[in-house]
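So, here's a batch of structures to check.
After this come two complexes, each holding subunit A, first together with subunit B and then together with subunit C.
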Partner chain A sequence: MNNLFTIFIGMVLINNMILAKFLGLCSFFGVSKKLSDAFSMGIAVTLVLLIASISTSLIFNYILVPYELEYMNIVIYILVIASLVQIVEVIIKRTNIALYNAMGIYLPLITTNCIVMAITLLNSTEHYSVLESVVNALGAGVGYTFVIIIMSGIREKLDLADTPKSMRGLPVAFLTAALLALAFVGFNGMV
Partner chain B sequence: MNDCKNKNNCPQAEACNQQEQHIKSDKKSSSGFTKELVKGIITVNPVFILILGLCPVLAITNTVTNALGMSAGVIFVLLGSNIIISSIRKVTPSMVRIPVFIVVIATFVTILSLVIEAYVPALHKSLGIYLPLIVVNCIVLGRAEAFASKNPVLLSAADAIGEGIGFAIALLVISLIREIMGTGKLEIFGKQLFEVPGLSEHPLIFFISPPGAFLVIGVTMAILRLAGVMKYE
Partner chain C sequence: MGAVINILILTAIGLVCGVLIFLVYRFLPGESDSLKKTEEISENLPGVNCGACGYPGCFAYAQALVKDKNIFFTSPCATVLNDPVMLNNLAEVLDIKVDPSAIKKKAVVRCYGNSDLIGNYTGVKTCRAASSLVGGYKRCPYSCLGLGDCVKVCPNNAIYIDEEMNVAVINPEKCNGCGICVRECPRGLIKLVPADSNIVYLCSYRPRRNIPGRERCDMGCLHCKKCFKACENGAVIWDEEKAIPGFDFTKCTLCGKCIEACPHGRLIELSKIKKENDSKKESSTRESSRKEDSGGESSSDKEKITV
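Moving on, here comes the complex of A and B:
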């Protein structure tokens, strides 16, 4: 239990996917312009992370390891993730059209988002069990949502600020991320 | 267009649009081998102009050695996948082209990962998770979709090398700044090239830490805009 808690806190605060590991930066800078979009993106990423982690860790622990096929993990994971996201998209479209409209456009974008691939690969290099993989994925998803919401709140205000012309848009977003990352360095050594 | 927007890993439709537009303008003008090569390095630089594949640019630029290793890996994967994809472009049904591209790219990344693990284990260790993550690098899939799937083999190879060198230059610029500021000296594959007196005794460790990466790339982009290389928003 203690181990699971350590994994979770470590993923949310210390090894934060965006600010410490630089994963999923494309979506982080692309979708953090509006608070509501950022929130939907965070939820979508967390959902995909959970589903992908469950299925890939099952595949890893019960198919790849017994048959000594670990070296195939990159090819297999990317195919599994891509097809899973398609299935999830179809299911959401059929069952809950409001939810689909809210996060439908983000789902296909997550297919090859580095976060999903990174977490599934991390689960297998660390030899996590299925439960540990799920907790790891949940931590990464919560950490991502947390940071992208903070970032979008700041960027909404930043749009109104009088920044130098050459800094407008992406460069100032990077500087904001630098300050956020500096704040997160403070969590180092907590666990 | 829609496919590019959906399947590319970056939700930045503008980058995709930009890439498509560049392809269109390329078709109009006479496109030669050297032209494709130069294009990737300057006018369509994947990092500074298209803003693609940012994760490795920030993550492994803490030392120049890592940056060189990563660039070599990306060039290998880009070249291999561009050549294969462009040679099978006529037999690939367009409905399933994205999964086909992904399998080709993943195969090359697996080859690369196994070769580096066998011959340069130190580099494999320092690149860590970012080496297999080349498979989801926007640049590789982006070039496959936007260029290699529509152009002959030789041009696709030139495009791959050009984009690869463009990516390498971006990595090199950022890693040089970060390593020299962060450690006060420059070391490539274990050999020390020079030392900045004063700075090496009291290095600004901030620059090799994660926040430093964000700061360096943000300031670099602002400078490139002032210099007129990058467009204003």
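Moving on, here comes the complex of A and C:
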């Protein structure tokens, strides 16, 4: 139990996927302009991470390891994650159209995002069990949502600020992200 | 032997994924008719999700069209209207007849600019912020603040700020009438007019607390009703409550008599804005054309008054 908690907190704050490992940055800068969009994106990332880590850790622990096929993990993971996300998208589209309107366009966007690949590969290199993988993915998803919400809040305010012309838009967003990353260094050594 | 098993395992995983996708597509409660229609419609939409129609994206717009196809007339997709092929396809799918020239619109900023300042404004450089703070920094409450909220949202870069007149100007050649700027202007100065209409009135002043226009802004409407009297076809409607002219574009014959009659040159041909492009040089021609416009009549008017 203690171990699971450590994994979760570690993923949310200390090894935050965006600010400590610099993964998933394209969606982090692309979708963080509006708070509502950022929130939907965060939920979608968490969902995809959970689906991906459950399926891949099952395959890793019960198929790849017994047959010593670990070296093929990237190929299999891409195949499995892509098809599963496709299935989830279709299910959402046909059963709940309101939910599809809210986050449908984000699901295919993050299917092949590096953050998804990184979490699944991390699960296999650390030899996490299925439960640990799920907690790991949940932590990464919550950490992503947390940071992208902070970022979008700042950027909404930043739009109104009197920024120098050359810094407007993306440049000042990069600076903000750098300062946020520095702030998150403060969590180092917590666990 | 081991290699064969490995190949078999990998193939099996791939097969399972493929079969799963097939099963989901085959056995899930099939797409309802409305969803099928929605997809058919959204294939004929531009798919750029600009939000100009007032819906969050093309898919949401298609959903709204499925429910009520008359929405296309009340909030049309400007990109489709400007593309005859797309328009034909969409009209076929929706089973409606569309006459693009009847719905096509252009946006006009109804302010001539250069209203007197109350004071210097140094705050956040957006119209929305400026107008929520003491109702804007210009004397006329219906003047363009010229901070360019509309410029930022225009997907076609059709709007520019005329530095000299301190007013946003929409280039009717570039404007496709999407109406995003109409919603963006905090003072509601931008209006969509029919694209083939020739005459626009560049002031949205309404007397509030019975203050005549000129005390607010010497560019404003005099309420002289000359345009109303000059029109022979009854196309100029005098709005007693607002005390500014309105137009019935169905009756307008584009004779231009109201333009000649206006002592201030506030009535202007829509096509005349076209010549005034983004460059500074041309914005100065706008200034000079204004002087010419108002020069003839209004100076002679003034002479009459002084004499």
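By definition in this document, the second predicted complex is superposed on the first by the 191 of 191 C-alpha atoms of A that agree within 3 Å, B and C clash if a C-alpha of one lies under 4 Å from a C-alpha of the other, contacts with A are read in each partner's own complex, and residues count from 1 in each chain.
In this text, contacts are C-beta pairs under 8 Å (C-beta built on N, C-alpha and C of every residue); 3 or more make two chains touch, one makes a residue touch a chain.
Worth saying up front: this structure is predicted, and the values here are computed from it rather than measured.
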Subunit B versus subunit C as contact partner of A:Thr125, first or second or both or neither: first
Touched partner set for A:Gly24, first subunit B, second subunit C, both or neither: first
Partner chain in contact with A:Thr95 - subunit B first, subunit C second, else both or neither: second
Touched partner set for A:Leu160, first subunit B, second subunit C, both or neither: second
Partner chain(s) touched by A:Leu69 [first = subunit B, second = subunit C, both, neither]: second
Subunit B versus subunit C as contact partner of A:Val147, first or second or both or neither: neither
Which superposed partner A:Ile59 touches (first subunit B, second subunit C, both, neither): second
Of subunit C and subunit B, partner touching more subunit A residues: B
Subunit B versus subunit C as contact partner of A:Ala178, first or second or both or neither: first
Partner chain in contact with A:Ile87 - subunit B first, subunit C second, else both or neither: second
Where subunit A meets both subunit C and subunit B, residue numbers: 72, 75, 79
Subunit A partner contacts - residues on subunit C that touch it in the complex: 5-6, 9-10, 13-14, 17-18, 20-21, 24-25, 28-31, 35, 56-57, 59-60, 63, 124-126, 129
Touching residues (chain side subunit B, partner subunit A) in the complex: 6-12, 51-52, 54-55, 58-59, 98-99, 102-103, 106-107, 109-110, 113-114, 129, 132-133, 135-138, 141, 209-215, 217-219, 221-223, 225-226, 232-233
Contact set on subunit A toward subunit B in their complex: 19-27, 29-31, 71-72, 74-75, 78-79, 82, 106, 108-109, 111-114, 117-118, 121-122, 125, 164-175, 177-179, 181-182, 185
Subunit A to subunit C touching residues, read off their complex: 59, 63, 67, 69, 72, 75-76, 79-80, 83-84, 86-87, 90-91, 93-95, 97, 101, 104-105, 160-162
